[in-house]
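Just passing along the structure, written as structure tokens.
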Amino acid sequence: MAKLPISSFTVPRLKDLPKDVRARIKLVQEKTGFVPNVFLALARRPDEFRAFFAYYDALITRESGLSKAEKEMIVVATSAVNQCTYCVVAHGALLRIFSGNPLLGDQVAINHRSADLSPRERAMLDAAMKLAREPQRFGEADVLALLEHGFTREDVWDIGAITAFFALSNRMAHLCAMRPNDEFYAIGRRARTRRG
Amino acid sequence: MAKLPISSFTVPRLKDLPKDVRARIKLVQEKTGFVPNVFLALARRPDEFRAFFAYYDALITRESGLSKAEKEMIVVATSAVNQCTYCVVAHGALLRIFSGNPLLGDQVAINHRSADLSPRERAMLDAAMKLAREPQRFGEADVLALLEHGFTREDVWDIGAITAFFALSNRMAHLCAMRPNDEFYAIGRRARTRRG
Amino acid sequence: MAKLPISSFTVPRLKDLPKDVRARIKLVQEKTGFVPNVFLALARRPDEFRAFFAYYDALITRESGLSKAEKEMIVVATSAVNQCTYCVVAHGALLRIFSGNPLLGDQVAINHRSADLSPRERAMLDAAMKLAREPQRFGEADVLALLEHGFTREDVWDIGAITAFFALSNRMAHLCAMRPNDEFYAIGRRARTRRG
Amino acid sequence: MAKLPISSFTVPRLKDLPKDVRARIKLVQEKTGFVPNVFLALARRPDEFRAFFAYYDALITRESGLSKAEKEMIVVATSAVNQCTYCVVAHGALLRIFSGNPLLGDQVAINHRSADLSPRERAMLDAAMKLAREPQRFGEADVLALLEHGFTREDVWDIGAITAFFALSNRMAHLCAMRPNDEFYAIGRRARTRRG
Amino acid sequence: MAKLPISSFTVPRLKDLPKDVRARIKLVQEKTGFVPNVFLALARRPDEFRAFFAYYDALITRESGLSKAEKEMIVVATSAVNQCTYCVVAHGALLRIFSGNPLLGDQVAINHRSADLSPRERAMLDAAMKLAREPQRFGEADVLALLEHGFTREDVWDIGAITAFFALSNRMAHLCAMRPNDEFYAIGRRARTRRG
Amino acid sequence: MAKLPISSFTVPRLKDLPKDVRARIKLVQEKTGFVPNVFLALARRPDEFRAFFAYYDALITRESGLSKAEKEMIVVATSAVNQCTYCVVAHGALLRIFSGNPLLGDQVAINHRSADLSPRERAMLDAAMKLAREPQRFGEADVLALLEHGFTREDVWDIGAITAFFALSNRMAHLCAMRPNDEFYAIGRRARTRRG
């Protein structure tokens, strides 16, 4: 099979992009070693690109009560609900890196109920999955269940907001048939100490 | 019954907010006559607030190939899938205003298949509903169906991106049990000429 | 968009109808100020018409342990499950009138879980929704939950029978693409004292 | 296991019933050889009883373009969707009798797609199943599919109205845990000539 | 309607089958009085045939902590989930025989919740139905619920393994449109003493 | 997190197993370099073990019209439907090996619709997914769609039977909370030439 392209919509050339968009892309390239396709696929609409990554930074890059690994668990589990290949593959890699556990990306993607998780992590994903799948049933009882596992109300907001942001992100990826970079599949497959 | 509050999370006082956030809120208050609760409920996290409304502006406020009424149809129909009271009530009002049709907000919210829509509008909502409900099944065949109704690929991106943004928005509203302002229910209930 | 007709099946002329059917229609016209389309759409089969409205009267018109507003809540919530535009619009109007609350029709139609309801009303709608959606799971445990909220067994029968009747009614409306009268949308939109 | 009762609600004594209700029950007893439990379970509310059986007569007893066997197929198939033991067992017996085929009741109840049906019968049940399960998706395309199989629009109304009536009937049976008479299970199990 | 064939795939002649396969078929014919179609439909692949019936014997023919009637209840209830006409009809007959209850086959097939079952039998079927429908949600809590009803862990394995085997069996039957022998429908329809 | 055990049921010691079961286990250990946990988890019931692997050999080990890679695609895709961690992880490894494509295991597990597949492979998985999810809707039309892509009827039987076998296998894995060996996750992650 010939590989599918990065996106089913036009992808702009880097040199045609506004300076700030180009700068953001260069930054991630330096840090990661390659340009994740989401940056290229979304760059065709600079204002949406800026809002998307500003939102991403506010929720994911920002330090908060959730560890980096916990945030990536939420992303992987809820993106698996929507069968979003881009988000599961790219964030599965990040989950392996931040957890130091090379098995966790696949485990959480396939079935979070049987993954090697603590009761607190399991409760976090149960709540996120409910908001992802049946948001109309999410309510104060779900918030209370999280508080009982030691999460603060700010943590609950983070859990919910990350889930909500990837409900958007998954749909953008499906809209343009966004293809994950081949590099992601292999990242973090060797055991390390947890640092998330 | 006592009314439920605006949000189940803390709502900041206006005077404690960053200047730009406060300015945005004042602007909408002047335009609308009241402050829609979504501004108050999200203001507790200024960076998320800024990203949210920057995204909103890029998709909804910006002029594009879709009319204002078409955009609101997408918002109402897909928010009804998620039973999001805030978004259905607030954007139902906007749909009545922009379409000049006092019946359309309720019709689209209850069942877009039986609403007074053109075949083009129906096709637009069929695609949006698919991306809202089963994004994993959305694909090039759905894009082609839209092109056949005269939409451009840029329009398709708009239809998909608005749907994606409200997948986020609906979940934020459910996360904090966001309550629509009472004012929205009555807006646009009298017939007018379509101006969307 | 040209408006869709009252029904996708033939609608008889009033003068061609049996006397009792015509009398019933005149009565509702005098009381309501217009003839709700359900009367015209069903009149083509006089025996079914008679049975339908005899059933309606036995459950809805008859005084019982449930208030008028409670009955309309059941109708609106369960008809929203079936996305029945006729029943949601027509009975949303009645719910606004009988509850004296101009917001309640829309709230119950969109998501009864976030509507301004008492715990008793919420329990009533939870039971009705279960019987509407998954009748095969309804059982004695659901009856007991209602008794605990102060309903009698006769009230439980009413809740169940109203739900059952509108399972029929919603399907008749979908069968003939029954269109709600435009008048219903605007009724009861101003606040009043509750009288249900 | 001790057998479960006829109904989880009170069942009136025959002698306490209004004359016309009692007469109707006697009539069916003479014809059938026993009193089907639905008559006893519903008799506690005479007005609802009268409306229920008037509706039943208008749809099922009345001669129409559908054969008796076709009507019972619709009842059995759609009642199986709702896992309604009373209706599947009682009308499975009637289907065996009217079709003269001792296998058809079980076949249609388990999976109408693999039952020994003509294409016309299969199309009829496909439409009925759609109206039973997802009434909000039923529309003119479904009507046209039936017309192509030789049904008239009056037949379509019958197919839809019978489906709608048993959506009610199934829910009444679940509401009161209505138990089918033991007699029904064995009726019509020997091959006969079709007479439906 | 002309009857459908035994299978939509080729069915081998008995004389062309390997000796052991033929012997197995003769054995069942002597015991049952006819050859159940599943033997003929699967014989076209002798190795699969041998594995299938070796598995069947290990789970169903073997003596274990579950009675013969209990095993057939599991088969009938879970096969009804998959609307498998062959398995429901053939094992409904066996359930009638082993339970001595001519009503139980149909009751369990239509809705196990309203069947004449003990709490232990009901718990057994609740667990089996969960593993049949949503195996990804089955877990230690379900095992514990069974232990509380007096089942041993070996019984739990039997319940689960029988459910798993018929998940296979139902799909093989649908793959080749396997038709139940007419004889099954009438077997065990007269009351007897329970001997399962 | 401490790792979960191989199985929630007792796992026998190798030396306590019947000779043939032990021999089979040694064989796979020599070939693979470790004992896949499915062999240990199922060995507690030797007759079921023998039937399971005889069935596996008849469908998977046996040469047939389907390539080794095609068979593993079916296993991975349908096991992902049931969120079976054991089967997705173990057979994802085999799919990477047999296809020579280190990305294909994850792609097929997450969303076969966006995987790098030929139209023939896509059609094969569409049919398998239908039989896995909604076996009651599988029929001759699905068989014909496969024949049009160049599959023979024997291939169709293979596709269906492999799907059916893993419907069993997935449920056995969920029954005993079967844990995949850590080794599987890393196997086949480097690109090779396709040899399946």
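Every chain is named by a letter (A, B, C, D, E and F) in the order it is written, and numbering of its residues begins at 1.
We take it that contacts are C-beta pairs under 8 Å (C-beta built on N, C-alpha and C of every residue); 3 or more make two chains touch, one makes a residue touch a chain.
Computed from a predicted model, the values in this text were never measured in an experiment.
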| item | value |
| --- | --- |
| Chain separated most widely from subunit F, comparing mean CA positions | C |
| Inter-centroid spacing, subunit B versus subunit A (mean Cα positions, whole Å) | 24 |
| Chain centre separation in whole Å, for subunit F relative to subunit A (CA means) | 28 |
| Between subunit A and subunit D, centroid-to-centroid distance (C-alpha), Å | 52 |
| Where subunit D touches two or more other chains at once, by residue number | 83-84, 111, 113, 136, 139, 177 |
| Arrangement of touching chains [line / ring / star / complete / other] | other |
| Pairwise chain contacts under the document criterion | A-B, A-C, A-E, A-F, B-C, B-D, B-F, C-D, C-E, D-E, D-F, E-F |
| Subunit A residues within the subunit C interface of the complex | 136-137, 139 |
| Sites on subunit A touched by subunit F in the complex | 1-4, 80, 83-85, 88-89, 92, 102-103, 106-107, 109-111, 113-118, 121, 177, 179, 182, 185-186, 189-190 |
| Residue numbers on subunit B that touch subunit A, as the complex places them | 8-10, 45, 47-48, 50-52, 54-55, 57-59, 62, 82-84, 131-132, 135-136, 138-140, 143, 153, 156-157, 160-161, 163-165, 167-172, 174-177 |
| Contact footprint of subunit C on subunit E as seen in their complex | 111, 113 |
